[in-house]
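For clarity, chains are labelled A, B, C and D in written order, and residue numbers in each chain start from 1.
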Amino acid sequence: MVLREGDLAVVWIDPKRVYLVRLEKGKKLDTDRGSLPFDNVIGREYGDFVEISKGRAFIMYPSLDYIYDGLHRPSQVLYPKDIGYMIFKSGIRPGDTVVEAGTGSGFLTISLSHFLGPSGKVISYDVREDMQERARKNLELVGLLDRVELKLGDVRENIDEVNVDAVFLDMPDPWLATETVYKALKPSGSVVVFVPTVGQIEKTFLSLRKNGFVDVEAVELILREYQVKENATRPRSIGVTHTGFIITGRKSIKGSSEIGE
Amino acid sequence: MVLREGDLAVVWIDPKRVYLVRLEKGKKLDTDRGSLPFDNVIGREYGDFVEISKGRAFIMYPSLDYIYDGLHRPSQVLYPKDIGYMIFKSGIRPGDTVVEAGTGSGFLTISLSHFLGPSGKVISYDVREDMQERARKNLELVGLLDRVELKLGDVRENIDEVNVDAVFLDMPDPWLATETVYKALKPSGSVVVFVPTVGQIEKTFLSLRKNGFVDVEAVELILREYQVKENATRPRSIGVTHTGFIITGRKSIKGSSEIGE
Amino acid sequence: MVLREGDLAVVWIDPKRVYLVRLEKGKKLDTDRGSLPFDNVIGREYGDFVEISKGRAFIMYPSLDYIYDGLHRPSQVLYPKDIGYMIFKSGIRPGDTVVEAGTGSGFLTISLSHFLGPSGKVISYDVREDMQERARKNLELVGLLDRVELKLGDVRENIDEVNVDAVFLDMPDPWLATETVYKALKPSGSVVVFVPTVGQIEKTFLSLRKNGFVDVEAVELILREYQVKENATRPRSIGVTHTGFIITGRKSIKGSSEIGE
Amino acid sequence: MVLREGDLAVVWIDPKRVYLVRLEKGKKLDTDRGSLPFDNVIGREYGDFVEISKGRAFIMYPSLDYIYDGLHRPSQVLYPKDIGYMIFKSGIRPGDTVVEAGTGSGFLTISLSHFLGPSGKVISYDVREDMQERARKNLELVGLLDRVELKLGDVRENIDEVNVDAVFLDMPDPWLATETVYKALKPSGSVVVFVPTVGQIEKTFLSLRKNGFVDVEAVELILREYQVKENATRPRSIGVTHTGFIITGRKSIKGSSEIGE
C-alpha cells in the first residue's frame, strides 16, 4: 500500500523514539536523531525505512500498540500489560457496548474502541472537560471518534446507560461508583477497575462484594523486559517497577456479598 | 435473556470451579460441591444463581475469560496475562487475518478469533492431527469454528498465506520459522512468539533480528494475585510463578539485522 | 571430622527432605524415602552419604541454612531471603546486643545469635509462654541457648534494655511498639520490622517516622527459583509468591518526623 | 559516644546522599545539598544531625549497610538483597575461613569479613591488580584489612587453601572454577556463585552437579521498594529490575552428579 498525503503513519526510530504523524507535504518530523521530511515518506510503503542523519526511521502501520507508544505520556500509568489483561478479563468482543470512567487522555478509550470494532460503542465519562477535549483530539487523530461518546459527568452519581456489557473504571475512588455501575451493567456483565495504590485494592474489592458482584479478583502484573545479546541475555537492570492493580468482578442477579472465594 | 435448551453457559461456583456447559434437558453437571440439573438452569438468566448442596452456582455468560477457565487444562502455559499482552502488542483488530502455530488445544485460536470478530480469520497450523481434533471440538463448542481454518502442516517448512496481519507462534523451535513467517507477513505486520525457557529467548530474538524484523522485544509478565480481607489484604502466598516469555517484532521491508535497540 | 554419638547432623535427601538430628546409637530417622539408622552415620564425616532404600541421604554439617530447613514449619513466613536482608540492613555484627519480639518458633532468634557469635546477645520477648518453650527447645537443640535470654513480656508496654544495637519486630501491631523501641535503641541503632499485609506497611512506616526514626524504608523481596535442565532452564512454575514486607529505620537523636525522603 | 577526630562516620542526608567519611579537623564534605564542616561534627554523637544549607545531615554509625551505601558505585551489581541471601545460604558464621573470587571493588569482601568477625578470615583472589588496590583502600578505610588476605591469582587454575568453610564466586566464568573450588572446600562446605546473565545459570549449575556438589539451587531475588504516604502507599514506579542470579551448592564426599532435584 503506497502512502499518500493525509495518511496516518508511525515513525519508529527505536523503542524510545516512536512518533504518530499525519503525512503532509512540505512538513517534517524533528527528532534528536535527525529530521524526517514527509515528502520522503509519501510514496513509500508501511514497513519501509528512510535514512535520517543519525540512523534510520522505519515507517510503520499505525496499529494499536504504536498508537500507544506515539500518544503515551509519562503521567499515564496504564500500560499495554494492564490494558491487554483488562480487556481479556472483561470478556468484551467486537460489537459490545462499554462504559468507561474517567476518560483521561483517552488511551483506554482508544484501546476499547479498537477491540470493539466499528459496530461497538464506548461511552466515556469524565468530570474534567479539559481531559475530554484532549481525548477528543486523540480519538480524532486516530479516526475512532465515531465509535465513542464523550460525556461530561460523574459516574459516582449517575450512569445514563443500562444493560451495558462491561464497565471500566480508572478513577480515584471507584468504590463510590459500585452501585451506579451495578445498575448500568447487564447481568453477568463485568466491571474492571484500575487503581495505583495498595489501600484502594481493599476498598474497591470489598465494595464490589457488598454490592452484588461475584468472582471478584485483585491482581497486579509485573513486566520484565529482557536485554538480549549473544551469550549475555538478562533481564533489563532498570525499568518500570509498578503501574497499578486491577480488580475485576461480575454482576450477579441479586446481591450476594457473602459469596466466598 | 432467558436461557433455553442448547444455550452455552458457564457455571461458576468459585475461581477453581468454573465449568463450560451446553444446556440439555434431563442432564446435569456433577461437581464436588454438588450436582446441578440443567432443568434448574433453563428458564433462568445469565447472572442468576442456583442453590447446590454445598453453596451456590452462578450461571454466567460464556465470555472469553470464562471460556478460558472452562477449557483450561493444567498442561497449558498460556495464561490470560500472556494472551492479553500478545494480542495488544500484535496490533490486530476486528477483520484481520492471522496465522498461528501450533494449534495446541486451541485456546489461543479461540482468543484470536474472538477478538478478530466474524469478519476476521485465523489460519492455525499444527503438525499433530490429534491436537487439531481437540481444538476443533473446542472451537465447535464455543461456536467459533467458522472463523478458523485448521491446517495440518509444519510452518518451519511452509506457510501458504501471504500478506497476513500477524503471526503467532507457540512451538518448541520458533527460530526455525522466522524466514517463512517473514514471507507470510505484510510489511509492518507483527510476529508474536511465546516460549517457556530462557534459552529460547535469545535464539528467537536473534533469529528475528537477523531475518528482517525490527522493534524486536522480549518480555515476561508476572501476575500477583491478592487475597483481600478487611485489614489483612496481602499478595497470595502460593501460586503460579512462571509461564513463559513473549518475543515480538515487526516485519521491515528489506532485512535490517543491524538495527540496534 | 569423624561423627560421634551426640553430634548434631543434617540429613539431606532432597530440598524437601531435610532433617536436623542428634545422632544416638540404636536410633534411626524414618522418612518416606526409607529409614536411616544412626549407627550407619556414626563414624562417617559431614559431606558423606548413606544409601537408603529409595536413594541416598547426605549427612551435612548443621549450618544455619540447614537448621532453617530442618526446623522450618509451614506456618512460618520468615524465609532465608527475608532474614538475610533483615540482618544485612540492621548493620549488626558479632558481639552486638539485639532485642527481638516476638520470639515465635525461635528461628529468627537462632539466626540472630548465629551471626552475633558467642560474644553477642539476643533478648527475645514474647507474650506467649508456649511459643517461648518451643523456641527454648529449638535453641537448646542447636546449642545456642546460652546466647539468648527469653523474656515473657509485651514490648508494646516495656523493653527493659537500653542502648541496644538493633531491634527486630515480627508481631501483629509493631506500630504500637515504636516508642518503646526508640527508648531501647542506641542512637543510630536500627529497627527492622517484618509484616505480612499491605495495610501494616503504612502504619508501621508512618509510626516510625513520627517517633524519631530516619532513613525509613519499606521493601519486599520476591524469590524466583530456577529449574535447571540442559537447554530447558526456566523459572519454576509454582512456588511461594509472598511472605511479607520489611520496614527498616534508624534512631535519630531528637525526633525528626519531618525528614523527607 | 562522643565523636573525635579520626573517627569514621556516615553522613546521611537522604537515601541517595549517603557518604562515608573520616572526620578530620578543618576539612569538610561538599554535597549538592550544602557543605558540612567536620568541625561541626566532632563532639557530636552518632544519631545526631547537623543543619546544612538545604536541610539536615544525620551523622550515623558506620554499620555495614551504610558502608555499602557509602562505597557503592553504579557499576556494582551485588546488592544488599543478594549479599544477605548469599551469606545466609552459605551457612558461614563468626570465625570461619572463606575464599572469594574476584575481589572486585571489595564490597563482598567487606561484608564477609564483617560477618566473620575478628577471628574469621577472607582470602580474596583477583586477576587484576588495580581492582585489588582499590579493594585494599576500601578495606583500610573501614578497618577490616587485617581480616583479609588479598591474592593476585586465577582461581580457575589454583586455590592454595584447603578445608575452607565456603567459597564465593563473582566472576565471568565460574563453571571453570568448580574443580578447584571442590578441592578447596571442606566436605559439606558451601559454594555461592553470583552471575548476571541467564546463560550463566545453566552452565554453573550443571558444572557444580557434575563435579561433586549436591543441593544445587539457582534463584533470583527481586526487590520491590514501597513509597509510603498516608492513604497512597504503593510500590515505587521506577527502580532496579535486575541484578543477577545466585547459585548455591554443597560439597559432597565423592562425586554424585546423578543426584536429582
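We adopt the following convention: a residue touches a chain if its C-beta (ideal position, glycine included) is under 8 Å from a C-beta of that chain, and two chains touch if they have at least 3 such contacts.
Small disclaimer: the values here were computed from a predicted structure and weren't measured.
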**OP:** Could you quickly compare A-B and B-C and let me know which has more C-beta contacts?
**Re:** A-B
Original post:
If you average the CA atoms of chain B and of chain C, how far apart do the two points sit, in angstrom?
Top reply: 43
**OP:** Take the average of all CA coordinates in chain A, do the same for chain B, and state the distance between these two points in whole angstrom.
**Re:** 20
Original post:
Which chain D residues sit where two or more other chains touch them?
Top reply: 198-199, 201-202, 224-225, 231, 233, 235
**OP:** Classify the chain contact graph as line, ring, star, complete or other.
**Re:** complete
Original post:
In the complex formed with chain D, which residues of chain C make contact?
Top reply: 12, 14-15, 45-49, 56, 58-61, 63-66, 80-81, 83-95, 111, 114-118, 186-190, 198, 201-202, 205-206, 214-228, 230-231, 233, 235, 245, 250-254, 256, 259-261
Original post:
For the complex, which residues does chain D have touching chain A?
Top reply: 77, 196-199, 224-225, 231-244
Original post:
Where on chain C is chain A touching in the complex?
Top reply: 198-199, 201-202
